[in-house]
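The structures considered in this document are given below.
Here chain A shows up in two complexes: once beside chain B, once beside chain C.
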Partner chain A sequence: MNEVLTFSPILIEGTITTIELTIASAIVALLISFIVGLARFSRHRFVRWTAVVYLEFFRGTSAIVQMFFMYYVLPLLGVNLSPLLAGVIACGLNIGAYGSEIVRAAVQSIGRPQHEAAISLNYNSYQLYRYVLIPQAIPMMIPTFGNLLIELLKLTAVASLITISDLTFMAQIIRVQTALTLEPFLVILVIYFAISSILIAMTNLIAKKFSKGRNTMQAGGN
Partner chain B sequence: MNKIIEFQGVSKSFGDLQVLENLNLHVMSGEKLALIGPSGSGKTTILRILMTLEPIDSGIVMVDGDYLWHQKTDNKLEPASEKHLHKMRQNICMVFQQFNLFPHLTVVDNIVQPQVLIKKSNKNDALNKAEELLALVGLEGKESQYPHQLSGGQQQRVAIARALAMDPKIMLFDEVTSALDPELVDEVLTVLHQLAESTDTTMLTVTHEMNFARDFADRVLFFDKGKIVESGPPDMIFTNPKEARTRDFLKNFIGKI
Partner chain C sequence: MEWSWTVVLDVMPKMLAGLVITIQATFIGAILAYVLGLMLAILKMSKSKPLAFSVYWSSEFVRRTPLLVQLYFLFYVLPDFGIFLEPFTAGVLGLGIHFSTYTSEVFRAGIENVPKGQWEAAKSLNYTPYQTMRYVILPQAIPPMIPPLANYLITMFKETPLLAAITVVELFNAANIYSNSNYKYLEPMTLVGVFFLLVSVPAAIAANRLEQKFKPEEVR
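Up next is the complex of A and B:
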């Protein structure tokens, strides 16, 4: 164990890389979630259709293969991405597909009466979504987004396969250099668990903040 | 006085169920109309057609001199575009049975937001108007509460204030007290009654409260199976109805009138 701890500088570096990868991918995923999720409500069939194809493609194919595609295939087409960028884009696009379903489901769960109230006040459809439906849907999204964030954290481990020096990558290095197997992986499991615990605590905090003073569920928002 | 609403031969079905059949109906500007009739007779459907929540199958609806569900292009009558409906909705606002307040906004923001977004009022004017209207419906001091913190009767009064803030020419009320506990009904009806006396807004209300219909309305319309059976001043309908069906219906309310 002590031997592993002598590698703590690279473990710290790996932890930082994993966190960076997670945060950057989460931002991409969040944008994608809203764009693709809201596109499902578009008036234009083509836009709705594109969103469904996007969703089914990224949900229906392997995240590892998507990442390999970004990193190994795109250069052949003349697009060179750094490992980190390829990782962020692949993780973001993949998790964003799942996130779009969270956005769609939450917005869809706001009932007809809210639509009708808005129409009665002459809101147009942009105003309906922007000021009535989405603000009510967001508090519902947060817990599920929290779960997805943990999925994202776990997915980032795959990025070590495209030479990103994240936690998992560092564990491999330690294993090769020390011939120890149990210890490095045990240590990174603990670190992953610590990160996910922090992420869960953060989502709970945000969820609490959003539910304050505006109890959507009780308020006849159906 | 001119006709502000006119239904000309309007029919409407839901699947096999014909709810309105060749309906002709007009409402004069400023008139207070009460729609009464048995459940399922199509009263709500009439209001929803006027609020553009439910399209018609055939016929014509005129509101304030313009087609509601149609528009004229090159002298041809075509189904109304979303843009035309948007224009027509400026005249009309509806208050719903279940209040339909925005649960994520405070009471005052429920009234301010539509003014700012739709009427392009500036924030301060909208705020002043909201305060004024809240006082009118007896809810001073509730500005910063959220809807779920209010009783049903209070929520409905906020909904009425929110509709009033839009300054519509026509207000529609669909059984606005039937979701309320009995002891909360009067506070809402009192507000409506005062409104009816003090404004020249055209008001259509669907109600099962016959006493209220009598006090509120200039004209009562008895409706059955998608057709107007009888229409006239409240005194006539309630004390001396001509049609047997009206008498039968009103029997259910004897002692309550």
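Up next is the complex of A and C:
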């Protein structure tokens, strides 16, 4: 164990990289979720179909395949991405596809009367979504987005395979340099568990805050 | 960068062999995930508080940590304790254990959603716990579980490329090995994506049909 402690600087570095990767991808994923999720309600068939193709493509091919494609194939096509950027884009686009379904389902679940109320107020469709549907849909999205955030954190471990020096990558370095196996992997499992648990606690807190004064909220949970 | 059909023909047999491994890993992993998941679900509902508590938190530990690291753990750590697993076995075990923590929630929710009156009815008929489960609870609890369990099967299929990290030569790794030794990335990597789409899109449609079929009825 002491031997692993001498590696704590690189483990801390790895933890920071993992957190950065998670946050950056989460921002990309959140944007994609709303763009693709709301595109499903578009008046234009082309926009709706593009959203569906995006969703099926990124849900249907494996995340690791997408990551390798971006890292190895895009440079051949003249697009050079740093490993970190490829990781962020791949994680973000992949999780964003799943997130778009959360946005779509939540917005869809808002009842018909809300649409009618907005129409009777002479709202245009931007106002309908911006002031009526989305604000009511967001509290419903939070618990499921929380689950997805954990999936995202776990997905970032895969980015170690395209040479991003995250926690998993650092554990491999320690294993190769010291021939220790149990200690490095156990330590990073505990670190991952701690990060996930903090994320879950944060999501529950946000869910609670949003559910204040609402009686239609679903229970939080992780 | 030109698309080359010669490369496609060259890599195809290797990838088809890999696909077989991928499908085997998916199904064996899924069976493991279902069996372990059901056991976990029953243990989580145990009347013994310490048992339920420790089972809950161990399964949360597995659920909140990456499958890739768990695979490394099985592959690199166990041999130090004298347990040598084939890469394929370690991979299937990792997949099964990881996803059992997800399926256990499906089983738990399914069992808990059976109305309380059913338990009471079984009790009033003097059924043993086994009979209650076998003849009353499970027949009602299982149909609504089928769609989510089918979805986890698809999810597991898409996670199998992770087995490449512990040297299993499944679909993705077969393509990757070819790419690395021939410096041809475009065709093999694109084909892997196409293969995945060809399996998972129809599977998703089938799962959707299942969902329609097993929609919970309003009145029981």
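To be clear about the criterion, the second predicted complex is superposed on the first by the 213 of 222 C-alpha atoms of A that agree within 3 Å, B and C clash if a C-alpha of one lies under 4 Å from a C-alpha of the other, contacts with A are read in each partner's own complex, and residues count from 1 in each chain.
Please note the rule applied: contacts are C-beta pairs under 8 Å (C-beta built on N, C-alpha and C of every residue); 3 or more make two chains touch, one makes a residue touch a chain.
Only a predicted model underlies this, so the values are computations on that prediction, with no experimental measurement involved.
Peer 1: Let me test your reading of the model: by the given contact rule, A:Y131 touches which partner, first (chain B), second (chain C), both or neither?
Peer 2: first
Peer 1: Tell me which partner A:V47 touches in the superposition: chain B (first), chain C (second), both or neither.
Peer 2: Neither chain B nor chain C is touched by A:V47.
Peer 1: Quick one: classify A:E116 as touching chain B (first), chain C (second), both or neither.
Peer 2: So A:E116 only meets chain B here.
Peer 1: Classify the contacts of A:A201 with the two partner chains as first (chain B alone), second (chain C alone), both, or neither.
Peer 2: neither
Peer 1: Touch check for A:G60: first (chain B), second (chain C), both, or neither?
Peer 2: In the superposition, A:G60 contacts chain C only.
Peer 1: With both structures placed on chain A, which of the two partners, chain B or chain C, ends up touching more residues of chain A?
Peer 2: Of chain B and chain C, more residues of chain A lie in contact with C.
Peer 1: Does the superposition put A:Y192 against chain B (first), chain C (second), both, or neither?
Peer 2: After superposing on A, A:Y192 lies in contact with chain C but is clear of chain B.
Peer 1: With both complexes overlaid on chain A, does A:V79 touch chain B (first), chain C (second), both or neither?
Peer 2: Neither partner.
Peer 1: Examine A:V176 and indicate which partner it touches, taking first as chain B and second as chain C; both and neither are also allowed.
Peer 2: Neither partner.
Peer 1: In the superposed view, which residues of chain A touch chain B and also chain C?
Peer 2: none
Peer 1: Sort out for me which residues of chain C touch chain A in the complex.
Peer 2: Contact set of chain C toward chain A: 1, 60-61, 63-70, 72-73, 76-77, 79-80, 158-162, 164-165, 172, 176, 179, 185-186, 189-190, 192-193, 196-197, 200-201, 204.
Peer 1: Any idea which chain A residues touch chain B in the complex?
Peer 2: 113-114, 116-117, 119-124, 127, 131-132, 135-136, 213-216, 218-221
Peer 1: Considering the complex alone, what residue numbers of chain A touch chain C?
Peer 2: Interface residues on the chain A side: 56-57, 59-66, 68-69, 72-73, 76-77, 150, 153-158, 160-161, 168, 171-172, 175, 181-182, 185-186, 188-189, 192-193, 196-197, 200, 222.
Peer 1: In the complex, go through chain B and note every residue touching chain A.
Peer 2: Its residues touching chain A are 51-53, 86, 89-90, 92-94, 96, 98-105, 113-114, 117-118, 146-148, 155, 162-163, 166.
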